[in-house]
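Okay, so here's the structure we're looking at.
Each chain gets a letter, A, B, C and D, in the order it is written, and its residues are counted from 1.
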């Protein structure tokens, strides 16, 4: 009978290609105006500066609980979310500051959420891991690893049932792909042909566990074969590559060809959370990735294209530092949620 | 970047081959003595006649709860379990009468379990879905779909830790492969290189839901690519094919090359349980499979090889009818569990 | 009024709401071609088609999550989980997701989701004979309904479907065939309201779901001994309406809880705790609990029979409570 | 005796048992290279190597199942689940599998499994701030330990590891840094035994885990008002040893339960139910419960502070119980 040749040894060698007959393809040229390119750069810098400010807020005890920074991964959120329309939907995991900012949430309202203030995007009830702005189709960050994937599939199911011209993008990490929810969700999405892109941020670690200790399969695209879902890898340190892939897959979702899995190779340049010194990685490894910092890289690309001068870059950086400072100031000056709201909204329709 | 070509359209066409580059291979010739071949035939007939007797017991109200018959799938249990050594381990789902009999459990003790009697293999506490004989390495049937797969992986983990010369075989259905436990278990088994064969009985239905309504992937071997596990398909209506594949993969497990996934294509010739009239399948479909009844087919093979005469076959059948009758008689005459044992064995070490 | 079964009452509620509201649809394992493991949705696939009767893979966690997502984005999903025992596989989705979102996201998200599932038993052995209503009843953000009669089943299911919050709607496999009066067409029984199902003066029995039947039978028997039993059917377990039970105990001064869950940490414990909090001075005797025996439920019929409360258990407890 | 932390007490128990018994090993997410999310296993990977300190993928259900299987075949696994909140993803394995097998298979299988997990909170928001001990305490076949002090933590963990049954061993994130006297080396505190942690005459407080700390602080404060409080620490929640609490109530005639779970259907309900069953005639007032507020726990510090019982809540309730 049939013998699969997808053995461990063979596939581990082909790290760059998907095991199931994948090929290297060149990213299609991206047609974006200079303004859009600069806007993307601004967003990336905003996220970086915002995150640095978050780390500071955490150190000062203004932010509590768990706080997961997006430093190093900015290109993914900015590229992918930049490819969405205003009607599309996002569902994300807890490392969610970057998505919120890329989706255009006000940095003050995001920081206020981290500070646990009434003016926060979730009224101070959710905190860092649970940002949401449903008016923008941003259905929230979720803190149970992989638990949000079926929710995203459900939104896509509603879209299909309601015959809307929308797609869903669901962000999660490499670690989440080892969880049962990943499996059940991709299978359900596939068998129902739903308009959803599963965007895996492969940063090679789930918390402190290296990807190869958690699975034989370190190229996440390989996992899509189990659902007959078409999968792609993209360079998650390059916002244009992510933008291009997302745009293309989004169109295909609208054409009824979904779902898709998009793997963005990326790296977090800081610890898993603000509490993590990340002793499980070598300095060398981190330095190597730091040298390819996506902001520096994208700045250079834009400089080479003549879109962004050194001065302009400096000015953007200054503006974003100020924006982050202003966000922190806004948060700090915002009132805490009123104690008498504690029991509000446990139910949409309280009874008895 | 890399683009996977494992798209739905392409793969759906290659129904006979695994999507990831699978090839058709010829089953290696099986070297079994005439005695063993006849013994396998006897086991298949025993299971068939036993199951018919179970249906009768259910109809008469001797058996309660859920009762899932193995009729049509006998070749899988007999072939696979026939390839194991006495030290190996089995963990199975609830459709488990066939495994118990193929592993050599006394038919009387099995039937007594179905009848809920103290002389049952599980003392009458487990019933049809929870047969076990740990002295034979048969760790039981389990009634939560896919819930036993991690248990089987754990037994394999213990084997590896304890450096034992043993393997585990874990039986489950096509429907179970859509569950999160399947995913988590295969991944954990793979990353730890455990000596286990996941044997999927693909009978094209999970209860009343056709396989293609539950997943895009109807050839279960395709799912193994997501774990970089080597997978094979075998003809689950041919005990020799199943035997050959299991023997070979068992050797490889012992050599440290595990885990493996083995998909046996089979069909249940009766309803999901004794309560199911199976209205979701066409008569034609059932008739087609009935024509290829594995017992008839195997009998013919043995006849052609000159191992089994028509008379001998008839005699075996008669003996197995009698064995099933005797099992039912034994069960019926066995006492119920003593009421004062109700609280026994909630704990191995009751406290306070 | 027509006498119909509990099963048929639920079918009526489902069909009427699916007719009334296009956003209502049903998802679950084997609800379509198979017709539902307890035949509740038999024929629905033909009637409504595969967009509204959605057969799913065997993936309770995924299914509940998907339905939750659909509810977030404008649908009114009803998920059938064959057995409450399998809801353990969806526990995280029910409790960490569906029940939390409205509050955690400050009212931005609502989850109008109904999870229909069945409690019950009948030689199904340890993993298929449990009931977990007390767990769900502890969960803020979730509503829990557990009707005992066809009338309540239909009226409460309609309420649940129209409710904007997630509702665990817990049926009972041994009630599906029971009959009672049910009006055709639209009516609702509100969630969160207990009801006195039998008036009496000597003793209060607080109960819900199938145990109501046992309690009624016991009350009939006790009536022959001139003992007058009042029975309060909780119907909803969250929010839990203890008003009628408290009022009843203030009258009878003696109370007994009957349930099919294990005794330790079951609903009975909560009811006892509240009654003694709210009616301490009225109690002439400790409140008693009749519940399932605390073992993994055995398959053998003779053993299983020892595990669940019987009419005789209730009668015995009542007599003991009354010192008779 | 050395004063060490609750964390260090647990570390000692783990190391001593791993030294004593080769079959003991630890599995869990980020217990190796990361050192454990609460640093309980920090350094263990270097000390014991990857066969005995097994980092796993993020798959709570799978992990508990795998450990159960290993326990069946001769190992003594200890699984760490980072947070009791994530145990919902393993609920089916814990309840439908590990807890059932010994009984369901008529004693053929035993499951000497320890699941270590942490209750606790601290601006972790709704999905990371719950505690589910009452659910586990309802499960036949499972044992549940929830120690409050370093001494009990070490002694009970050793007992749990040596026990042939599955044990949920529930630690508390806010206790890891607390200190107490702990002997070096081998000693055990038996599972299933409550202990009087403070003797008194006016009022009984029944509690466990971190709430013991709150209760002690409240008792200190009440002592200044000449109110003498007896505190019973349950320590194990299944089997639940109510003996010391009943004896205490027979002496004080007034009882108060303090817990961090939500009030409805929490441990407190079961304790109240049992105390009124076993000491009804001794009670001069309804038993009170101090528990967490029934909302999905909010992130904001000022709101969260309103949710969990404080020393002041306990003092207030005690005064009320004593009509002062």
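Going forward, contacts are C-beta pairs under 8 Å (C-beta built on N, C-alpha and C of every residue); 3 or more make two chains touch, one makes a residue touch a chain.
Predicted model only: the values in this text are computed from it and were never measured.
Farthest from subunit C in terms of Cα centroid separation is A. Contact counts per chain pair peak at A-B. For this pair, subunit B with subunit D, the centres built from the Cα atoms lie 41 Å apart. Between the Cα centres of subunit A and subunit B there is a gap of 43 Å. Subunit B and subunit C have CA centres that are 36 Å apart. Contact of a single residue of subunit A with at least two other chains is seen at positions 122, 124-126, 130, 142, 144, 178-181, 184, 187, 191, 213-215, 346. Residues of subunit C in contact with at least two other chains: 56-57, 59, 61-62, 85-86, 89, 92, 96-97, 103-104, 125-127, 140-141, 294-296, 298.
Interface residues of subunit B facing subunit D in the complex, by the touch rule stated above, are 89, 91, 122-126, 130, 132-135, 139-140, 142, 144, 147-159, 161-162, 180-181, 184-185, 187-188, 191, 344-352. Those residues of subunit B lying in contact with subunit C across their complex are 64-66, 116-117, 122, 124-127, 129-130, 142-146, 175-176, 178-180, 206-210, 213-215, 276, 279-280, 336-337, 339, 341-343, 346. Residues of subunit A that touch subunit B in their complex: 1-8, 11-12, 16-25, 27, 178-184, 187, 190-191, 212-217, 219, 221-235, 241, 245. Within the complex formed with subunit A, the subunit D residues making contact are 29-30, 32-35, 37, 55-59, 61-62, 85-86, 89, 122-128, 293-296, 298-303, 306-307.
Here subunit C touches subunit A in the complex through residues 25, 51, 56-57, 59, 61-75, 77, 92-93, 96-97, 101-110, 112, 140-141, 143, 163-165, 190-193, 239, 241, going by the rule given at the top.
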